[in-house]
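Chain naming follows the written order as A, B, C and D, and within any one chain the residues start at number 1.
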Amino acid sequence: MLTPGPVAVYPAVARAMSQPLLFDQSSEFGTFYEALTRKAAAAMRWHDPALLLHMEAAPGIEVAAASVIARDTVVLNLVSGVYGAGFSTWARRHAREVIELAVPFDQAIDPNAVRDALRARPEIGLVSAVHHETPGGTLNPLHAIGAEVHAHGALLMVDAVSSFAGMDVHPADIHADIFVASPGKCLGAAPGLTFMAVSPRAWAAIHANGDAPRGSVLSLADWEHAWRPDQPFPFTPSLAELFGLEAALDLYAQEGPENVWARHAATARACRAGAAALGLSLWAAVPEIVSPTATVLRVPPALNAAEIVRAMRERWGVQIADGRGATAGRVVRIGHMGPAAEPILAVAAIAALGDTLRRLGFGCDPGAGVAAALGG
Amino acid sequence: MLTPGPVAVYPAVARAMSQPLLFDQSSEFGTFYEALTRKAAAAMRWHDPALLLHMEAAPGIEVAAASVIARDTVVLNLVSGVYGAGFSTWARRHAREVIELAVPFDQAIDPNAVRDALRARPEIGLVSAVHHETPGGTLNPLHAIGAEVHAHGALLMVDAVSSFAGMDVHPADIHADIFVASPGKCLGAAPGLTFMAVSPRAWAAIHANGDAPRGSVLSLADWEHAWRPDQPFPFTPSLAELFGLEAALDLYAQEGPENVWARHAATARACRAGAAALGLSLWAAVPEIVSPTATVLRVPPALNAAEIVRAMRERWGVQIADGRGATAGRVVRIGHMGPAAEPILAVAAIAALGDTLRRLGFGCDPGAGVAAALGG
Amino acid sequence: MLTPGPVAVYPAVARAMSQPLLFDQSSEFGTFYEALTRKAAAAMRWHDPALLLHMEAAPGIEVAAASVIARDTVVLNLVSGVYGAGFSTWARRHAREVIELAVPFDQAIDPNAVRDALRARPEIGLVSAVHHETPGGTLNPLHAIGAEVHAHGALLMVDAVSSFAGMDVHPADIHADIFVASPGKCLGAAPGLTFMAVSPRAWAAIHANGDAPRGSVLSLADWEHAWRPDQPFPFTPSLAELFGLEAALDLYAQEGPENVWARHAATARACRAGAAALGLSLWAAVPEIVSPTATVLRVPPALNAAEIVRAMRERWGVQIADGRGATAGRVVRIGHMGPAAEPILAVAAIAALGDTLRRLGFGCDPGAGVAAALGG
Amino acid sequence: MLTPGPVAVYPAVARAMSQPLLFDQSSEFGTFYEALTRKAAAAMRWHDPALLLHMEAAPGIEVAAASVIARDTVVLNLVSGVYGAGFSTWARRHAREVIELAVPFDQAIDPNAVRDALRARPEIGLVSAVHHETPGGTLNPLHAIGAEVHAHGALLMVDAVSSFAGMDVHPADIHADIFVASPGKCLGAAPGLTFMAVSPRAWAAIHANGDAPRGSVLSLADWEHAWRPDQPFPFTPSLAELFGLEAALDLYAQEGPENVWARHAATARACRAGAAALGLSLWAAVPEIVSPTATVLRVPPALNAAEIVRAMRERWGVQIADGRGATAGRVVRIGHMGPAAEPILAVAAIAALGDTLRRLGFGCDPGAGVAAALGG
């Protein structure tokens, strides 16, 4: 199982999720929950407890949009892929105007273009960006973009769902005001929760937003103080998901974030080297923007992504993914997230992919692919 | 752990939730998911696949309200407790008008009053009702109410979260058009999902509702066809929750629904008999309306619910619950849901409660309480 | 499940047993295994790593006997119950002579009688004793007996299978040279292992015993150095059992041995008080010798133990045990071991037992039984 | 983890082992246990319930030897490897005489030599053979050998621990009278049990053997009728191990034995092809005798097995094994048992092994190795 989602969970996470332990809501659960929000914050290197939503990351991002975007907000949405484009739909429901700064989906946003856009429209109050567009395996340069947004004074909202914990990205470093992460990607836990860092400036904007939902599944504000042990919990939480997240955060800290990132990077590097030796091209237009958490490869002419995926699974039991949205049918995607971020798994994927392509008539040398993946 | 929520899960459910199995999204997962929606439908004795939402039941009800209530809908909301009252908040956001038919929270709605209300305002298009108000342990007579609503022609939306699978209640029998159930109560699974029966008339109303959210966490319609194996899934599902629900539905079918209900009823009967012998009164004004899935008892004068709960836990390790909303501090609540629906657990609860009350100065005879709970 | 065996395992133990982790045999496993033998030793308050056998305790005791008893050994076997009597069978296969010091099975061995026996036969080289005879729920006074044996200079071999970790008993305190314990009783783990403390004097006797098996399932000596990380392991160990034992030892240390013993003692006290109020007699002839880890009650005349056990299980789902060997049919046994050592479970057992006896025609007052079990 | 032992367990087995379910010993457990012995028998295609021992296979074989070999038995022990040689030690303790028919450990026993040996010594009453010598990855031709033994009239005892369930071998087909199998190899369960088929002739020999242990961990006869639900169980069984075996037998039946064998065979074939392309030689002297469940490769001159194993693990996280006994240091061993019997895992092993050898200075082409492993 080497897709960019669903991702296999670590065994220790699976065990934690079977934990039958229950809590007195008024005390032990509160203590546990606060500690969990602080662990999630520590992983994000953030000063305040993390905001935890009991939903998958995609709706989690909608909730953030509904809460922070007011009817007079002008949003600059950076679009370099499927998820960025999708965000415009949500933003338009709430914003006065959504300006799209878009590039072809095999490219990344240029920080200079962000600066120009901000200068052209000083009233822009929120910039939204996807860090890693998994359908294309491309990264946006958020350190530089964040600096521009910060200099301008707008809020920055970042979807770091499929990059956080697989590489060096944290909200403070990129001046993010809302930073959305998921347990279900590089942390190797189940995907049923979303956790966020939310800055004081973002909270102020939410509080000032008369249109922000309250008492609703669309409300961030309902959860602002949920970490406090003395707050009643809005509804029965799914302990399995919370225990799974806790186990994953513990593993992340024990292995050491830098080691986890290095493991993801080494896996992606092996995969890219092998793919190049097979004669395959990256989807990304330039190598500088490829992600260490997923490798997205263009399907050779005359071949079909779905057929490659199916044939590879049938013969070798290795599951990779077709594209999504604009990349559907045109690419195959190999995930390197959480427990899948092991170089030997990239080697096996290259072997199986090379063999599959060869059998489908594409002239390639699987042995050469593996030799390259194995490295110098 | 004998609260009406959180509820302990069955061991087989906990094991199922640690299942690491992953799926090819395009085929095996689709097959599994369709089978699961059909199992959930079978448990509800419903003709169509169940609608599954990846959220707890409270937000699940909000989503249903947001989808079915249009700006020209007149809603009759039946209020006999905390949850019924809370529904008005959600309904008012979307409806032209919300009419409340309310009774004191220790009573049940009178079907005749529903008929009168419908006659008085023929334009009522949706009636909403909570079957079991867990804060009071009271049931509304939904068979009779459903017949009235059906005769009138309005849609009926029912919150059966804490009664379904603990007693004989199914959507077709009560003419429900939207019937909301949870894995996390009497089914003994985790609470992170909601499943619903939605009638063709309700779907027609949702489709006709121009205000119904689309592409949103607030949208039911996004999930209407999610059960179809050929549909792409909107986001990564939490397999642990789905596997847990499947295991719970299998257990329910294996034990036999009638046996499960009888187990819940016998447990509640033992609990009520024991409580009466301890000299405690039910919160419910009349015995006809008490629930078989939770027993709610008035706290004797001069005693404090929180202190009872705490003392009972400290000395005996038995966790019961304080009230909620209007009943907070005034009642203690003993849940009989899922694995907690065992008569011996009601006996133990009565023993521990009687002992705790006696130690706190309330003149009662725990031995007599237990003798009554043990029955003839 | 309230029997003195099989005993339910703690949930954390069950989770640990599903651990898929595997080891490099040459290093990580060795480190883990040594740590485990030291944890087991710490629980026994023993100076050397514990000896771990990969078998249940009953064969574990046979192995110890086969190893330490030589053809010229005279054994004094103390017999106060079924297990003590059974030991003679094993001892006779290897010993020059087995002297039995026996008392009726509802009594305990008198330390003075041990002293007399040792004086009468100075050549006695090994004394064997069962600490807790679970078929009768009786304890032998091993502190005093151990002092006598120590003064005499013989080796002392103790079966502490069903008492260790449920009360204050450790090998050094009772001068035991071979002290046999089990994960499957008061530690609340699975029963597939045996662990022992073996004194240097006992090892010397085993080494000197030319008849001691070597390279055999009957050999203790094969395992003497198995804890050393640099030793190859004799065969593939069952990691599930080892992980379960580790989890149980961790729980024992976390809760605190004194707290665990107090929990066992309080449960047994409640059970005995309730049984007395039901009009039932202990099997033990005198109260000084009753165990805190199991309560054994004489069946009233005209009733049948098997029928009581069956009826109680059918009506209340509470499983207790019939007698075993000499007590079969004559007693019912309620275990208080590991997770079953909770006073509320004794209360529930008394309620269910009283109700069952009453329905079978025995004149007793279950309410009075429970009132007594609840205490002052 | 690709060693020939310990072997990873299937996830469904791990889950089954965390099952907390307990039984009434007198009825439900008996029913479960009989069904389990019949499932194990069905897997062996045997007519009677399997004999289950609660110990690992190595001691299980000792127990069988101690039970069936009488003081007047002449044993012909076939020795083609470490395990066969080890059996002589056990056999000599009990037999009148042990005749060894030995070949170099890279060869297999010749059925004609067995015939000659039997003719030379007509009084031979028991022939013992190891089917798969895992230290060398070599198979003995048991169909032909069994036919010779059968014609002669002696009993045949077979160690099929590491071949059964990974290839087509069953006791009736090879005329085995005692056929020893393990859950912990190709079945992919935990190794703490042994199961056997025992023929009526073997039982007759055991019953007639006055030296056969009784009431002992060394006794097979104690377990002869343990499958009968009306028999008391000798001691508390480890349910985790039994549940794990049941899950593994269910998986084996569901996948289909022929499919499981084909999966093992394909994995071994890929591994051998890859190894040959790397320039490595099989330990086995001739290709006809190599096993489908483990591949044993000679270490190139100037290299060291332990160093290869260590380096491969450090760089690639792939665990293979050094030799054992006579093959220690001279070979590396790659297991293909249970969940490790997947061709892609052989491909990955060849890639990692080739890369490791190359880095250690052995001139080989890992790409060519993988290309060969991928096949035509």
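Throughout what follows, a residue touches a chain if its C-beta (ideal position, glycine included) is under 8 Å from a C-beta of that chain, and two chains touch if they have at least 3 such contacts.
If you're wondering where the values come from, they're calculated on a predicted model, not measured in any experiment.
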{"item": "Pair with more cross-chain C-beta pairs in contact, given C-D and A-C", "value": "C-D"}
{"item": "Relative to subunit C, chain with the most remote C-alpha centre", "value": "A"}
{"item": "Centroid spacing, where centroids are CA-atom means, of subunit B and subunit C in whole angstrom", "value": "46"}
{"item": "Distance from the mean Cα position of subunit D to that of subunit C, given in whole angstrom", "value": "35"}
{"item": "Whole-Å gap separating subunit A and subunit C, where each centre is the average of the chain's CA atoms", "value": "54"}
{"item": "Two or more partner chains touched - positions in subunit C", "value": "11, 15, 18-20"}
{"item": "Complex contact set, residues of subunit D against subunit B", "value": "11, 15, 18-21"}
{"item": "Touching residues on subunit C, where the partner in the complex is subunit D", "value": "1, 3, 5-6, 8-9, 11, 14-15, 17-20, 22-26, 54-59, 62-63, 89-90, 184, 190-192, 215-218, 234-241, 244, 306, 313, 319, 321"}
{"item": "Of all residues in subunit B, those that touch subunit C in their complex", "value": "18, 316-318, 342-345, 347-348, 351-352, 354-355, 365-371, 373-374"}
